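Input: one structure, supplied below.
Letters A, B, C, D, E and F mark the chains as written, and numbering starts fresh at 1 in each.
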Amino acid sequence: MKLITAVIKPFKLDDLREALQEIGVQGMTVTEVRGFGRQKGHTELYRGAEYVVDFLPKTKVEIAVDDSLMDLAIETISQAAKTDKVGDGKIFVTTLDEVVRIRTGETGASAV
Amino acid sequence: MEDLTQLAYAVDTFYFLVMGALVMFMAPGFAMLEAGMVRAKNTSEILTKNVALFSIACIMYMVIGYDLMYAGGMMLGPENTVDDVLASGGDVYYSARSDFFFQVVFVATAMSIISGAVAERIKLWSFLLFAVVMTAFIYPIQGSWSWGGGFLSEAGFVDFAGSGIVHMCGAAAALAGVILLGPRAGKYNEDGSINAMPGANMPLATLGTFILWFGWFGFNGGSELKLSNIDEANAVAQVFVNTNMAAACGAVAALILSRLAFGKADITMALNGALAGLVSITAEPLSGTHAESMIIGAIGGLIVVGSITLLDKLKCDDPVGAISVHGTAGIWGLLAVLITSDDATVTGQLTGLGAIFGWTFVASLIVWAILKFTLGIRLSPEEEEAGSDSTDIGVAAYPEFKG
Amino acid sequence: MEDLTQLAYAVDTFYFLVMGALVMFMAPGFAMLEAGMVRAKNTSEILTKNVALFSIACIMYMVIGYDLMYAGGMMLGPENTVDDVLASGGDVYYSARSDFFFQVVFVATAMSIISGAVAERIKLWSFLLFAVVMTAFIYPIQGSWSWGGGFLSEAGFVDFAGSGIVHMCGAAAALAGVILLGPRAGKYNEDGSINAMPGANMPLATLGTFILWFGWFGFNGGSELKLSNIDEANAVAQVFVNTNMAAACGAVAALILSRLAFGKADITMALNGALAGLVSITAEPLSGTHAESMIIGAIGGLIVVGSITLLDKLKCDDPVGAISVHGTAGIWGLLAVLITSDDATVTGQLTGLGAIFGWTFVASLIVWAILKFTLGIRLSPEEEEAGSDSTDIGVAAYPEFKG
Amino acid sequence: MEDLTQLAYAVDTFYFLVMGALVMFMAPGFAMLEAGMVRAKNTSEILTKNVALFSIACIMYMVIGYDLMYAGGMMLGPENTVDDVLASGGDVYYSARSDFFFQVVFVATAMSIISGAVAERIKLWSFLLFAVVMTAFIYPIQGSWSWGGGFLSEAGFVDFAGSGIVHMCGAAAALAGVILLGPRAGKYNEDGSINAMPGANMPLATLGTFILWFGWFGFNGGSELKLSNIDEANAVAQVFVNTNMAAACGAVAALILSRLAFGKADITMALNGALAGLVSITAEPLSGTHAESMIIGAIGGLIVVGSITLLDKLKCDDPVGAISVHGTAGIWGLLAVLITSDDATVTGQLTGLGAIFGWTFVASLIVWAILKFTLGIRLSPEEEEAGSDSTDIGVAAYPEFKG
Amino acid sequence: MKLITAVIKPFKLDDLREALQEIGVQGMTVTEVRGFGRQKGHTELYRGAEYVVDFLPKTKVEIAVDDSLMDLAIETISQAAKTDKVGDGKIFVTTLDEVVRIRTGETGASAV
Amino acid sequence: MKLITAVIKPFKLDDLREALQEIGVQGMTVTEVRGFGRQKGHTELYRGAEYVVDFLPKTKVEIAVDDSLMDLAIETISQAAKTDKVGDGKIFVTTLDEVVRIRTGETGASAV
C-alpha cells in the first residue's frame, strides 16, 4: 500500500475530490498548509512598512491506496490539480507498512 | 420664570449627561481599536488594560484629580441647591455631578491613548501604576492650567475640547513610555528595514474607530457646556457638523494618500485618518466654517499617514499609531485654531502646546523611568515571545482559533 | 415666553442631534453586519468601503446633495438667528445645522445598503465613484420629490421616515449594480443549484443588526422632526414603540419560518427578519396601532425570507440580503401605509414607489454601466479568487487565523 | 405656564426614551458578552437566543406582561391627552408609551441573564418557550409586587432600579434551569476537579461588558423617572456618577483579587467584576455617597469572584457567571441598601429578597420541569458534542476559522 | 523505527494521549485535519441554499516509536479511539529511516 | 529521495527557511501542529478552575530532498532550530518512492 501526499492549490480541492472518488478512492485526509517552492511569495505593505509573505496557502491531501490504484491515482491528481501555472504543487509517494481501520480492526488492503 | 430656570437647568444637565455617556462609550472604542491592531497573542492583555485604565481613571479623578484640576473637591463637593441655582442669575446652570461625569470620561480618554502605543511589550501592572499617576496628577495638573482657569487660559490659549489638553497630552505620555520601552522584539531589523506586524482583527479596529467617531459627538458637542438657548443650541449643532465633516475628510484624505503612496487602500490608514480628522478639529470645532473644518480634517488625515511612516523610520514603535493620531494631529489641531478663531494668537497656542507637551512628557518620563528601575516596565523576551496574554492574563483572546 | 421659545428650540435641536447621532451609529451597524456576512477574504475591503462611503456621503451631501434635496445651500446656508426664530411664530424651531446633520446620516444609510449587495466582487474605487454620484445626485434628486416638497409630496405620497425614499432607493441602486456585476464566482452551478457561501463571522452580523435596531430609534424617532410639546412627545414615543415592535415581530416571524422551511433556525434569517420588520414600519411608524405595527413587521419578516430565497433562484446574488431587506420589505412598507394611514392613497403610494424605484434604478444602471465600460467594476477572476482584501486593501482582516 | 408644562412633559418623555434606548442597547451587550464566553461551536445558537429572547420579551410584555405588572392595559391603554396632562397638576408628566418602552427593555434584560447561564447545552426552542412564560408571567407578576404598587412596596422594600426585581429575578430563573439541566458534558470530573472551558472570544466579551456599562446609565439613570427640575436633574446626575463609580471599583477589585488568588489578572473576572459592581449599586444608586457607592461596588466585585469559584465547586455550571453576577451581587445590592438608604428596613429588604427569589425560583423550576418532561430541555450527548450551532441553527459562527 | 499516523475523532484525543502515555510513548504531534471516508459528509442549509459538508473534522496524531513498541501502540490507539461508529478513523504505518532529537543531536532509537 | 519532517518551535521558522534556502533547498511545506514530548505542557487557571495545556504549539516543516542533500539538510535544520532548551523538536526521515511536479509532470529527482 502507498501513501500519496499531494500539495495543491486550495481552490482545486473540490475538483480533486470528485476526480478521486470517480476512480474509486474511498478516503482522504486534508490539511491546510503553507508552502514555499518555485512559486515565490510576495511583498505587501502594511502601514507603509513592507512585509514579505514567504509562504502561500496550500492544501495537502493524503490518500492511502492499494498499490494497484497508485498510478491511476497519481495520474488523476495531476490532471485535476493542474492549472499550468507555477505553484501547482507536488505529489509525494511513500510506502505504507500497515493500515488499520479502527472501527473494525481490519488491516492491510481491505482497510484502505 | 423660576420653573423655566429649573427646566433649563434640567435640560443642560441632561445634555451634559448624554454627551458624557457618549464619551464614556469611547472606552470600548479604544479597546476595540487597540484589540484589532495588536497581534492575537496580546489581545486579552490590551482588553484588560482598557477596562482597568478606565476604572482607575474614574477612581483617581474622583479621589484627587478633579479637585486638582477644577478645585471641585476631593470625592466632589456638595451639589447645587435649588436656591443656589435660582440665586445665581444663570451662572449655575447644570448639576455639579454632571460636570464631574463629563470631565472624568475625558481623563479616561487621555489614558486610553497611551495604552495603544505601549502595547505588546509592557508589563500590565506597571502600566496600571502609571495610569494611577497620570489620572491623579499629570493630566489634572496640566488641565488646571487651561480649563481650570490657570495661566494658559490667561495666556489666551484656545483649545475648545482638548486637541492639546486631552489628545496631545495622552500622546506625550505615550511617547515618553515608548522611548523608555523600546520597540517590540523583531520590529526593526539591523539593516534599518521594518517588519510589519499586522493587527489581528480589522473588523474590531473598524468598529472601534466608528465608536470613537460616534463618541466624539459627545466629546466635542458636550464641550460647549450649555445648550439651553438658541445661540447655544446652534453652537452645539455647528460643533456636531464640523466634527463630522473633519472626520469624513480625514478618512478620505488618508485613504487616497495611502493608495497613492503605497499602491493599496490601507484600511488602517483610513481609520487613523478619520481619527486624525477628529483630533484636528477638536481644538476648535465651533468658530470655523464647514469648508475650513473639512480642510483641517483632511490635512489631519494626510499628516497622520506621514507621521506614522516617519515615526516608524525613527524606530519609534507605536502599534496602533496613537502618537501620530493624537499627538501629531493634536499639534496640527492646536495650530489650525489660528485659522478659524479670532481669539487665538500664535503666542498663546505655542505657549499652550509647549507647556502641555513639556510638562506631560517630562513628568511621564520620570514616572516611567522610576517604574523601569523598580518594577520594570518591559516583559522579558520569552514573555514577549509567548505574548502578554499568557504572561499576565492567563486567558487567550481567541483560544480556539489557530494562529 | 421668549425664553420658553428659546428653550423649546434648544430641546428640539438637541432631540434632532441625539437622533442624528443614533442614525450615524448605524454606519458601524452596516459595517459589522456586512463584515459578518461576507467571507473572510473580503472583509477588510467591505470595512474600507463602509468607512469611505460614509465619509463620501457626508462630503458630497454637504457640497451639493443637501442643496439639491432641500435647497439648503451648497456648504449650507446661514444658521437661524435668534430674531428669525422669535419672529417665526414657531415655524423655525430647530437649528438648520441639526437638520443637515440628521439628513446627512440618511444619505449614508442609503449608500450602506448598496455596499452589502455588491460585496465580494466589486472593484473598490469604482464603488467609491458610484458613491460620489449616488450621494451627490441620485439620492438627493428623488429625495427632493417628497421630503423636499416636490411632486411626490403633492401626489399624496406618504413615507414617514423613508421605507421608499431611503431603503428602497438604496436597494434599487444595489439591484442595478448586482445585475451588471453578475454573481460571485462559484455561486451558481450550471445545473441551477446554488452554492451557499456562509458569512465568516456571525457575532459581527448579530452585533451589526442590534446596532441598526438601536440606531433605528433615531431614524424613525427623529423623523417626527419635533418633540417639544405633549402631542409631539407622545408621537415620538409612539414611533419608538411601534418601531421596536415591528422589529421584534419581524425577527420572530423569520426565525419560525426558517425553522419550518429549512429545518433549522437560521440566525441570518432572524437578523434579516428584524431588519425587514424595521424597514417595513419605517414608512408609517406613527399612525398605526401597536397590533398593526406588529403584523406589518411580522409580514416583513416573512417576506424577506421568501425574497432572499427567490432572488437566489433568479441568480441575483446578494451576499447580505440587502435587496430583500431594504427593497422587498421597503415596497411592503410603502403599501402597508395604506392600512394604517388615512392620508395615503393607492395612487399616491404607487406613484411614489414607481417614481423612486424607476429613477434610482435607471440612473444607477447608467452610472454602473459607464463605470463598467471605463474603469471596470468587477475584479478579475484571479483577484476575486484571492479575495478583494489582498487585491485592493493589502491588509487581511484576520491575518493570524487560518481559513 | 401651560406651554412650560408641555415642554417639561416633552423633556421628561425624551429623557425616558433616551434612557430606554440605552437599556435596549444592553441587548447586544449581553449577546456579545455571552458569545465571547461560550465555546465557538455554541456561538451562533447563543446569538440566536439573544435576538429571539429580546423579541419575545417585547411581544409578550406588550400583549400581557405590562398589564399584569402595571395594569397598563393589554396592547397598552390610551395615551395621555393634552387635557389629562394639564389637568393632572404635574402627576402625569411623561408619555405612557415612553413608560412602556422603558419597562419593556427591563424585561428583556432579566431574560438575557438566563440565556448565558444555561448556554452550551439547552435546546433552543425549549429555551424560547421558557422565555415566553418568563416575560409574560413570572417576571411581571413579581414586578407588580414592588414597582406595580403591590405588597412589597407597602412592606417598605427598596429596590431603586432592580438589583432584585430584575437581576436577582433573572438569576433565580437561571439557577432553576441550571439545576434541572446539569452541567455541560466534561465540565466536572469524577474526582471533583473542574475542567475549564475557556470562552472563545475575549474581545467580544469585553465589548459586551462595556456596552452593558454604557447601557446601565439608562438602566439606573432612567429609573429616577423624572428629570425636569433642579432636584430631579441633580438626582439623575448623582445616579450616573454612583453607577459609574461602582462599576469601576467592581472591576478593579475583581482584577486585584483574581491576581492575588489565581496569580494572573483574569480578564473575565475583571469583566464580571464591573458588572457585579453595577448590579450591586442598582438597588440604590441615589442616596449613597460616592464613597459608599465605591465600596459597595468593590465588595460586589470581590463577591462575584468568590461566588463564581464557589458555584463551580458546587458543580453548578454557569458558563458566563450570570448567576453570580446578577444573583449573588444582586442579593448584596439589596442588602447594601440598608447602608445607604434611610427608608430601607432589614425586614423590608429580606421580605423582598425572599419573595422575589422564592417566587421566581419555584415558578421557573416548575416551568423548566414541565419543559423537561415534555419537549426536553437538554441536547443529546452527540448534539452537545457537535455543538448547538450545528444542531439547532445550521450555521457555524466562524465557519472559516479552524478550532 | 516506525511512524504511526492515526486519524481519529477529535474528542478522542485526550483518551488517546493518556493511553499512549501509559504504555510509555514519550511524544506525539497533533494536527487538525479534515477527512473523508466511509463516513459521508452531510448537507446543510444556509439561507435556503444547500451546501454539502464533504469533509468532517478529524485529528491526526503522529507518533514515532521504536519497532518494539509498534504493535502495542497500534493496539492501544485502536482501543482508545474506538466508538464502533463509522468514522472512527484509520491508522497508517510507515518506516522511519532516521530520527534526530534537535536539542541533543541524538539519533536513532534513543531520539524517539 | 527522502522526506525530512522537522517539528520545531514556531518562532524558528524564518531562520530555518533562510538556512535551508542557502543550502539549495527549493521547496518546503509548513503545517501548524501541536506537540507533546519531553517538554511538558503547563497548567493555567481560568476563572479559578485549572486546565492543563497538554500540547504546545509547534511548526512542522516537510522537505523533500534528493538523497545527496539529506545529511546537509538534517545538519542545517538541527543548527537553525536549536535553542538548547527542552522542546526544540525532532527530525524524522522517511523514504520517498516517487515525487511528481504537477505542473510539468516531471518525476523523480528533477521534481524535488
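FYI, a residue touches a chain if its C-beta (ideal position, glycine included) is under 8 Å from a C-beta of that chain, and two chains touch if they have at least 3 such contacts.
None of these values were measured; they are calculated from a predicted model.
Visitor: Which number of steps is the smallest that gets you from chain C over to chain F via touching chains?
Guide: Minimum step count, chain C to chain F: 2.
Visitor: Going by more than half of the contact pairs matching by residue number, which of C-E, B-F or A-B reproduces the interface of D-E?
Guide: B-F
Visitor: Where the centres are mean C-alpha positions, what is the separation of chain C from chain D, in Å?
Guide: 32
Visitor: Quick one: report the Å distance separating chain D from chain F, using the average Cα coordinate of each chain.
Guide: 51
Visitor: Based only on mean CA positions, could you tell me how far chain E sits from chain F in angstrom?
Guide: Measuring from centre to centre gives 18 Å for this pair.
Visitor: Where does chain C touch two or more other chains at once, residue-wise?
Guide: Residues 4, 7, 11, 18, 198, 201, 207, 262-264, 266, 268, 394-395, 398, 401-403 of chain C touch two or more partner chains.
Visitor: Do you know which chain A residues sit against two or more other chains?
Guide: Touching at least two other chains: 31-32, 44-46, 94-95.
Visitor: If each chain is a node and each touching pair an edge, is that a line, ring, star, complete or other?
Guide: other
Visitor: I'd like to see which chains touch which, written out pair by pair.
Guide: A-B, A-C, A-E, A-F, B-C, B-D, B-F, C-D, C-E, D-E, D-F, E-F
Visitor: If we count contacts the way the header does, which residues on chain D are in touch with chain E in the complex?
Guide: 385, 390, 394-395, 402-403
Visitor: Across the complex, what residues on chain C touch chain E?
Guide: 193-198, 258, 261-264, 266, 268-269, 305, 308-309, 312, 321
Visitor: In the complex formed with chain D, which residues of chain F make contact?
Guide: So the residues of chain F touching chain D come out as 44-51.
Visitor: Considering the complex alone, what residue numbers of chain E touch chain A?
Guide: 2, 6-8, 31-38, 54-55, 58, 60, 74, 77-78, 81-95
Visitor: State the interface residues of chain F toward chain B in the complex, per the touch definition above.
Guide: These residues of chain F touch chain B: 11, 32, 44-46, 57.
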